[in-house]
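Following: one structure in structure tokens, then a few remarks.
Chains here go by letter, A, B, C, D and E, matching the order in which they are written, and residues are numbered from 1 within each.
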Amino acid sequence: MSGFTIENVSKVYGGDLPTISLQHINLQVRDGEFLCVLGPSGCGKSTLLELLAGLQLPTEGDILLDGEKVQGPTRSSGVVFQDASLYPWRTISQNVGLGLELAGMKKAERQTLVDKYLNMVGLEGFSSKYPHHLSGGMRQRAGIARALVSSPSILLMDEPFGAVDHLTRLQLQQDLLRIWQEEKKTVVFVTHDVSEAVFLADRVVLLSPRPGRIHHIFDVPHERPRKREDASLLKIQNDIYSAIYDVKTEADLEFTI
Amino acid sequence: MGTRNAKKIPSIWAGQVALLLVILGICEVLVRTETVSSLYLPAPSQVFRELFKLFGDGEIWKHLYVTLAEFVAGYGIAALGGLAVGMALVLVPWAERFFRPYLSALMAIPKVTIVPLLALWLGIGITHKISIVFLFCFFTITVNTMTGIKQTADNHLKVAKVFEATRYQTIMKVILPSAAPTIFAALRISAATGLVGALFGEMLASKDGLGNILVKATSLYNTAQAFAIVALVTVVSVLIISLIDWLERSVFLKWKSA
Amino acid sequence: ASSQNNGKEAAPSFGDGESAAGAKLEKIRYAPLSGVSGLAVSFGAEKGFFEEEGLDVEFITTKDPIAGLTSKDIDVVDVATTTAIVAAGKGAPVKIVSSMFRTKGPFYLIASPEIQKVEELKGKKVGIAVFGSGLEVYTQVILKEHGLSPGDVTFIANSTHQAAYASLETGQVDATIIHEPFASLAEKEGKGHIIATGWDYLPTFHTGVLAARAGILEEKPELVEKLLRAYFKSQEYAKSHPDEFKTYYLNNIEIDPEVLDLALKREEVLWENNPDVDINALNDTQQIQKELGFQDEIYKVEDILDLRFIPEK
Amino acid sequence: MGTRNAKKIPSIWAGQVALLLVILGICEVLVRTETVSSLYLPAPSQVFRELFKLFGDGEIWKHLYVTLAEFVAGYGIAALGGLAVGMALVLVPWAERFFRPYLSALMAIPKVTIVPLLALWLGIGITHKISIVFLFCFFTITVNTMTGIKQTADNHLKVAKVFEATRYQTIMKVILPSAAPTIFAALRISAATGLVGALFGEMLASKDGLGNILVKATSLYNTAQAFAIVALVTVVSVLIISLIDWLERSVFLKWKSA
Amino acid sequence: MSGFTIENVSKVYGGDLPTISLQHINLQVRDGEFLCVLGPSGCGKSTLLELLAGLQLPTEGDILLDGEKVQGPTRSSGVVFQDASLYPWRTISQNVGLGLELAGMKKAERQTLVDKYLNMVGLEGFSSKYPHHLSGGMRQRAGIARALVSSPSILLMDEPFGAVDHLTRLQLQQDLLRIWQEEKKTVVFVTHDVSEAVFLADRVVLLSPRPGRIHHIFDVPHERPRKREDASLLKIQNDIYSAIYDVKTEADLEFTI
């Protein structure tokens, strides 16, 4: 069981000019659900993910994981950070194996798992390189492998495929879906790519611009495997696009463009 | 930074040796021509002769051993203690705020003036020297450790948190590796000052050690011998620093060069 | 120990600029002995003896008087005789101009209560203050006279004054060479007692002179002459007005008056105030140094003396 | 790191003062009961009395001024010199490789032993003290500067290159801000050791300054006064360190707290 | 005049296992051209941009700018880095104004320009914040503003819109095109988004997987303003997609998926 209940959560960052990052969020993330989060840049998506991960605490409201209040990080969540946040002093395979190592797994055992996921993200052959030897997209993929390798029951992914090329992206989407289905994970996935969201998610949450509130939630009830060209999927995609345009015009215009 | 390749090494070496010889040569000439009195600056050649003599009779090994033992003990304790205290102050909530003035004050107490007091409390044996070495090293290591730890990137800590790293794991696998350069800077400097501390303690009160024979040499106005001892200490200290450099490069900063 | 200190700052401030009479004073830089051994000088300065001579003395404290002379930052210093000889002998531009108010080492070998005789020190730890110093010379000679060779005891450089006293008190040494007032203090407190008095063993070993830098002796010799006159006048006055001096002493130092009495009394014989420099004594001194391996050659002292300014009695 | 808020300050203050009073109280008791001889450790109350006296007659200001002047000059030169040399060694190609052994050697020379030599060359006036302060501070600042500079992120340098920043601009606007924490760590430690250096120099040879009156006090066995002077130096040094902290926080690390 | 000639350029990164990043690249970037670069993650796109910027030198071959060999950075190139690379110790407006400041422009003058571009990228109101107060996408936009504000005649942009939401992205594309047309710049633009490439570029260069070689160059001759739904544009887009799939199957399979 790994479901979140987000109850009236707000998050304000202090400072001379406090920033209200999230405002009155109410949301259920069901156990085993694949939830995508869309929203303008700076609306609080990463903040929401950090709240779910227990890396930050809400200024107001509560976040419950299976009925218990989230007070700090738990190993049941795997997080893919928006910037890969690899440790520069560790090789790629050491970075990917970090979680296992911290959990106390033996080196030999670890290695098999690490290699498996490095393969999956297309980084075989780079296991003994250091992060500064990798391209941006490769680093991002290493970050994904690091989160996946510990098989957490919850995956919190912050624009994980943002710097990855088209093909690799499609492949990684498939892999992620496979893992999700096989291992019955709960996934919260932030992206800017609407088609990606529709292809992956059970539900798509659209946030409004800063301060982030929930603008609309779209259901995507389609069975998997889905076809990307499926007309009813494209329909939902278009609904989302128009909602995005609506958000922009109805919200007090944030950008004077 | 660090984009230089390693090809020119032989010519660098040659240059370094040449510069050294020039400096020694100038000293030699200054003294030989009595521009500088040999009472205060002995001719390098004389110093070499004294060095030879020192090693000739073998006694020097004992003194070297004593001084090194004092240094190693004091430095070791200071390194571990400085790391531990530095970490504790930053990582324990409120500790820094609370102890900062005390740390500043302890750091600020003129060590030279309390060394004689130490003799009183600790005697004039090896404990005394070890404490002096400790005092000479501890604060540098503590302060740099604190600075290094504070430079740990927030997102690196977040990663550790997500994996529920224990406090110990976070320290060993995140904080220390990322503070390593700053800590090593302190270890490098302290190696030098620590050895000076051992010497200083021996010069005040002792029955053997390099500082002990140094006092004898100076009080007998055997300047050449005094310089020989100073040269010896300097060489030892350079060796220790090189060892630390090597340690840093091969253990902690492998990734930078790789 | 008494903790009564009745005011008055420890270091007396010396008048500078002009004398009371308004005459122009000439500057001279002088580094007297520090601590209690230098008290008579500061007492004299307070009395105005230096101003009377037309001197404006800048009192300097230094741990390396010879360096002070060589770097021309000090004109006249109080210095250990052997230090002056060796430095001058090795070419430092300094000259001995007079003996100090005492020339014999005011050193005592004190031992912890259970040790009665020097002979009992065999196999024990003996503090010799600073290696290569006059204090070590005295210790070695005392031990030798009692049939002990350096190999029979362990020498420990335990520093001087309080530090040396502390090392005896805390048992780090079984006996130590030491100055007054610590010998008297040890007796008073029962922490130790004198088992040998230095000058009994080395009546001719010369321990203190005034030395001047060569430059001032050429340019302004009269200043040195005046300084020496004021110096001995101060010493004489202090010696001949014991009560007044004692008061001054007690104002400056926190010490049990009884201990002070004991200490002053014990050293009265040493307070000779004889400026003459006995060449034979200097040679004896060097001889002893050489025998103990503290000096590698004996220097010709005639060249390093300049005794023109010795005040007449 | 640094996620603590600033509310508990009054209670922190109270705790700090309480701890201090406890320590002082213990000392007082130890001395009063003659567990420790007052020859070595004076009662805090006595030290306070002496402090009062020192300030009472006003002479102390002169000495304080002299010592501070020496410190400020030596420290200033060491800070600028250490920064300059540290930067030069890292930024000039090959300089570090070439001079590293020399730097290690200079750093390793036991300073205590060459201080008397300095007296010879520089006299025992203010130049002498300034040089000692310099020697006590210079290497720490140099080494930390080098470490700090090497920690500059590669991509930050690339940005500067793209905008064709001059060497001077790169140093001022990229390298120094990013090395600031490490450099400030050195400045903090050196402030303490530098003041000790001034004192040390004065204790060796001087006509005024806090070290001078300190020697007089100790040679007259006025332990309480000696401690009063040491306490004074400690306070001064803590003030200097606080000043540096403040400077760092308000000028260089504004962004961290903002 | 700002055209690049890339002559038989290769770039090898040293190390225990040297990585051949680019191999035998021959390419003209014409003056005033808008060139997009596509290619799998890790194929050398960022490397190519750094070579053009003069931040790296080729291991083999030459890069000429207007006939002169590129030996180091020149102020005529503005670079948008893949990670924003903002200075954490400077506020956003100080970061954006960096180039102007380094060029010696007065503060007052600078401020107007900085504000203009901050507005453009939608960061008005954040000028006095520090980078760690910003979201990932906001940082990226600040990086874009920093490059644009100095009006360089060449723009080298490495996945500049990667972390930006859909709407903002469309807006920024428009803005970039406007600036490009008004100021007659030469632009080299790395992206993973094929439709973006086709919408923006005069030509699209497709690189093959590591070691990066030029696989194919697509011309997009359409007049501007273009319509995103233009059938012939979509045609090119599809051509590129199939080329991408080709690349994958023909190249010795890099990822064992």
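Definition applied: a contact is a pair of C-beta atoms (placed from the backbone, for glycine too) under 8 Å apart; a residue touches a chain by one contact, two chains touch by 3 or more.
All figures in this text were calculated on a predicted structure; none of them were measured in a lab.
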Show which chains lie in contact with chain A and also with chain D.
B, E
What chain is the most remote from chain E, judged by the mean position of CA atoms in each chain?
C
Ranked by contacting C-beta pairs, which pair of chains comes out on top?
B-D
Rounded to the nearest Å, the gap separating the Cα centres of chain A and chain E is 26
Nearest whole angstrom, what separates the Cα centre of chain B from the Cα centre of chain C?
37
Separation of mean Cα positions, chain E and chain D [Å, integer]:
49
Distance from the mean Cα position of chain E to that of chain C, given in whole angstrom:
82
Flagged in chain C as touching 2+ other chains are 67, 70, 162, 166
Set of chain E residues in contact with two or more other chains
15-16, 83, 129, 132-133
Return the residues of chain B touching two or more other chains; collapse runs of consecutive numbers into ranges.
40, 120, 154, 218, 258
Spell out the residues on chain C that touch chain D in their complex, using ranges where they run on.
1, 3, 5, 7, 9-11, 13, 29, 31, 34-36, 58-64, 67-68, 70-74, 161-162, 165-166, 169, 252-255
Touching residues on chain D, where the partner in the complex is chain E
153, 155-156, 158-166, 169, 173-174, 177-178, 180, 252-255, 258
Within their complex, chain E touches chain A through residues 13, 15-17, 19, 38-42, 44-46, 82-83, 119-120, 122, 124, 128-129, 133-138, 141, 158-159, 162-169, 171, 175, 192-194, 241, 244-245, 248, 254-257
So in the complex, which bits of chain C are touching chain B?
67, 70, 86-87, 90-92, 130-133, 154-159, 162-163, 166-167, 170, 172, 294-296
The answer for chain E against chain D in the complex is residues 50, 53-55, 72-75, 77-79, 81, 83, 85, 87-91, 98-99, 101-103, 129-130, 132-133, 150
